[in-house]
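What follows is a set of notes on a single structure, which appears directly below.
In order of appearance the chains are A, B, C, D and E, and numbering begins at 1 in each one.
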Amino acid sequence: MTSSALPPALALALILTAPLFGALAAMVTGRRGPAIALATVIATVAGILTLLVIIAGDGAFTLAIGGWEAPLGIQLRADGLAAGFIATTALVMGAILAIAGKPFGSGAQERRSAYTFWPLALLLWGALNAIFLSGDLFNLYVGLELLTLVAVALVGIEGKRETLAAALRYMMFALMGSLLYLLGAALLYAAHGTLDIALLATRVGNAPGDIVAAAAITAGLAAKTALFPFHAWLPPAHSGAPAPASAMLSGLVPKASFYILLRFWFEAAPDIAGTSVLMLLGGLGAFAMIYGSLLALHQDRLKLIIAYSTVAQLGYLFFVFPLAGGESAAQPWAAGAWSGAVFHALSHAMAKASMFLCAGLIIEAIGHDRLPGMKGIVRALPMTVFAFALAAITLMGLPPSGGFTAKYLMMTASFAAGQPFWALMLILAGLLAAAYLYRPLALAFALPDEDAPAPKAVSRARQAAPLVLALAAILLGILSAGPFAFIQIGRPGAAVEGLE
Amino acid sequence: MIASLFDLTLCLLILAAAGAAVFGRAAFMAVVFFIVYGILIAIAWLRLGAIDVALAEAAIGAGLTGVLLLAALARITRRIDAPEPSTGPDRTTLATALASLVIASAIAFAFLTLPEPQGLQERVAENLADAGAENPVTAVLLNFRGWDTLLESIVLLAALLGIWTLARDEAWGGRAGPRHVTRPGGVLAQFGRVLPPIGLLVGIYLVWAGSKQPGGAFQGGTVLAAVWIVTIMAGLMQAPRVADRALRAALVIGPVIFLALAVAGVVAGAFLVFPPVHAGWLILAVEAVLTLSIAVTLAMLVFGPPEEEEKP
Amino acid sequence: MSDLFTIVMTASGLVFFAAGTLGLIRFPDTHSRLHALTKADNLGLGLIALGLAVQVPGLADLFKLVLIWALAILAAGATAQLVARIAAPADLGEEPQSPPDETGDGETRRT
Amino acid sequence: MSSWYLLLATGLLLTIGGALWRVWRGPDQADRMMAAQLVGTGGVATILLLAAATGEWAMLDVALVLALLAALAAIAFVKSVRGAGHGDPEDEAQNDAARADEAPR
Amino acid sequence: MIAPSASLLYGLCGAALIGLGLYGFVVHRRLIRRVLAFNVIGSGIFLLFGASSYRDPAAGADPVPQAMIITGIVVALSATALALALIVAYARLAQSGALPEDAAPGADDEDRP
């Protein structure tokens, strides 16, 4: 599809290897973490820009690793969806790494967490990129395991009793999820002699093996995405880690397993989806949304509110399955629902990461994240509170944010499909998000208590990082036509309607 | 007929060992049963025509995992002796048993109704000449699906980083794990002297032979790691400091060279290619450095995070 | 001829293994079990390896057989001594070091 | 011959079954561990017979690895008795002095 | 009666192992037992996978699943090592081998006698 094979290969090689090289370098040198991270960002972003240009110009493409075509080898698949997730990840990682230089910088002596944070963060990035580009279910398994082990390590990086418990709880869910996924992959290979997603699409049918495999893969990935009832691990894990780690864990990590679910249900096994299964997934999502929101309302710590909000927000990602899968897949509204979910995943990644980074800065300033202590914090941290408010707009789904575009697309699809229940749930989700995010915001803008200790100053440069992310989430809404068209590139059965 | 008898007996033993590992009352007993189970599973792999997997299982499943479990158990039980919560056969365990039975039956049903096998034996055989390894499994691991293997070697490092993260801050930079003491000249110390030369030989042989017959970087690396572990447990050597540059270089050298090779493919407009002309020695070279990194990483996984406070 | 040799040797190898297992099951205390075990099963393995030695196709495989047996003896010798020290406190007048296996979780204790 | 080897191997599996019984009964940790050692040796012998039965002599490598690593678990076990898994299993009460400064906190 | 083939037997054995492990994983509260159960499930899946790729002994075992299984074994070992290290570190701080929600009331407070 491209005139020369060199630029696409170079772009993919940079995206796939730069974070891994960075991680290995950081593992050796120890105290150069921030500098290596900067170099990694530059190299990876160069690759991503090349990739975006290629995809926008010449369309989606695949690259057979080692020149071995499927089913023998592994195919890398670069389409609009992959590039969208990769670009968003790079933006979020860039902001996180920029802000992490202070808490995880090293002095004269190498420190434990300052050492391990950098290779872990870069490995997390490398794992995400590997997942987003992979077109092979077993290769995805290896990527997912890399991601999981790194994420568990990041949860436990504080080394306190509660965070270790959270890491262990997370690990137990994640291990079970991996095994289920692996079981499904094994059954699919046994039946069809390949794990390449494109080849599977033509081979997977409705045999018992395929159904058990699909069930296992879905359950496994749902556990990793913290879909209700597998959600219990998420809030303590995401809220217990240091802010930069939380931002990665909440904003990016669950998106990987959701992304594989999307690939699986819409590309590898589109024909297997029965209405009842898709309804169940959507229903669990609705349940997660309500449950997570209600618990978020009851939290008194900022990071816990944000973490429970993730349970809720991940919940309505799953509305995509009843709206765009199965019988709906051939319908005109499917593209809108699918794109809406992708928009939601991307804007949530930016907004949620921004919020956790804000929470981290607030903790830096006042020493804790208990709500009452946040009174009047806007005076000390105006940019941070502004970023938080912008991110909140996205999470509530108010215009003109990316979250609004997502909700608009999904609601339109929901009415078109004659399933208004999902639209109702989306409205409810927005209201609940407004409710649980109102409290911290209201307190931040309130008059500070007379006797409250003065917050510590936080540099403007560092406050800029979450602001950039929150602004990006808003921009995604304002400029939604471009990204909307872009993520459709290479989508099987891509349709044009949805955004008019 | 006799073959079936053997298979049936082996399956029953495997199930018995697994059942005891799951149901056994004492944790130590469960761990011992798990070690036994690993040995039996390795034999099962031989019956399934998978000698490479049997090697990996014998080295990892029966060997390293057992050591990890025993060491962890010793350190946990030293700290806790409180009776753990009962899990008698109440309603939840009954429901769990039922659910497990249903799931296992569903999987068995799915297995029994699998369509005609369409494996990749032929396709692998057709391309073996260009793959640089005569052993088809090695060809798949290093070449056809080399990206999996590259990521997997990094998974090991991720686990190690995770383990190092669990060190106490004061101990950071110090020697990995506790310091092992033994009586000089005792049985253990003697054994620790005799075993390593043999193990070194076997490990290197496995890597070298891996391109032609069963074996390879992971199996050989595991054996080498085991040798190092024995030497340290026998008190003949001390584990390296986690801050040691040489150690860290050894940990990453394999993945780094593999990654570099992957990037070099860009020149040909591809990713991770072994040019058929050079594939033979390239694969051997990659395997050699991978073995070193894998061996060091596996051993460090067993040693654990640094524990003693670093003396300035 | 060589087949006959193999059959006799491997069969007697199995007999020793069986004897070792019988001892493991029937002998009353840890120490005597240990004793029965290490002698019998290493002898059994040696006989089987010897029986197969006339069947292997190459010198390398013969060498491997020898190495396997040597390793087994070496490992069994060392571990038997080490375990015996732990398992036989009575002879040394020390308090028991190898606890009766109660490290467990007592998970079924109440049932 | 192949059937003969398999028959013998089946017999070996039965002796392994006997060892499993001892692992279950205990009563000491040492009993369990030594019974596991028997399974290891029996497993090595079984693999030798399987190699002979199938003519796949590459299986000997598996036996070699198993024999080489058989001692690993046993050493980890004897070490686990003292000092949270890193003490000296041969350390008797009278020569504790060397241990004093190595003792775990 | 048709003689059961090796692949059939080991495949069913794998399925049974998955069931056994699942039960153990859910029922046990001590984390180390869960890690054990995790490994039993894992090897059950591998056995099922390996058996399914050996259904036609004339064609030989498919090398691709073998390579995947070796990868899987190494990945499982990495996960096991990290999980065990976490459990040890947690036990050091909490004096418990189970997660707080699974520990018996008061079990956390009991020290070694």
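To be clear about the criterion, a residue touches a chain if its C-beta (ideal position, glycine included) is under 8 Å from a C-beta of that chain, and two chains touch if they have at least 3 such contacts.
All values reported here derive from a predicted model rather than from experimental measurement.
Grouping of the remaining chains in the absence of chain C, by touch, is one piece. Fewest steps needed to get from chain A to chain D, stepping only to touching chains, is 2. Using the average of C-alpha coordinates as each chain's centre, C ends up farthest from chain A. A separation of 28 Å divides the Cα centre of chain A from that of chain E. For this pair, chain A with chain B, the centres built from the Cα atoms lie 31 Å apart. We define each chain's centre as the mean of its Cα atoms; on that basis chain D and chain E are separated by 21 Å.
Centres computed as Cα averages put chain A at a distance of 54 Å from chain C. Chain D has residues 16, 19, 26, 29, 32-33, 35, 61, 64, 68, 71, 75, 77-78, 81, 89-90 in contact with two or more other chains. Counting partners per residue, chain B has 3, 24, 26-30, 47, 64, 73, 75, 78, 83-87, 107, 111, 114, 117, 119-120, 124, 144-145, 148, 152, 155, 158-159, 162, 166, 187-188, 191, 195, 198, 202 as the residues that reach two or more other chains. Shared interface positions of chain A, i.e. residues touching 2 or more other chains, are given as 72, 138, 142, 145, 149, 152-153, 156, 159, 164, 183, 187, 190.
By the touch criterion stated above, chain A contacts chain E in their complex at residues 72, 138, 141-142, 145, 148-149, 152-153, 156, 159-161, 164-165, 167-169, 171-172, 175-176, 178-179, 182-183, 186-187, 189-190.
Chain B contributes residues 1, 3-4, 7-8, 11, 14-15, 18-19, 21-23, 27, 30-31, 34, 37-38, 41, 44-45, 47-50, 52-53, 56-57, 60-61, 64-65, 68-69, 72-73, 75-76, 78-87, 92-93, 96-97, 99-101, 103-105, 107-108, 111-112, 114, 117, 119-122, 124, 136-137, 139-141, 144-145, 148-149, 152, 155-156, 158-159, 162-163, 166, 216, 218, 298, 301-302, 304-305 to its touches with chain E in the complex.
On the side of chain C, the complex with chain D involves touching residues 3, 6-7, 10-11, 13-14, 17-18, 20-22, 24-25, 30, 33-34, 37-38, 41-42, 44-45, 48-49, 52, 55-58, 61, 64-65, 67-68, 71-72, 74-76, 78-80, 82-83, 85-87, 92, 94, 97-101, 103. Residues of chain E that touch chain A in their complex: 18, 25, 31, 34, 38, 41-42, 45-46, 48-49, 52-53, 64-65, 68, 71-72, 75, 78-79, 82-83, 86-87, 89-90, 93-94, 99-100. Taken together, the chain B residues at the contact with chain C in this complex read 24-30, 73, 77, 83-89, 187-188, 190-191, 194-195, 198, 202.
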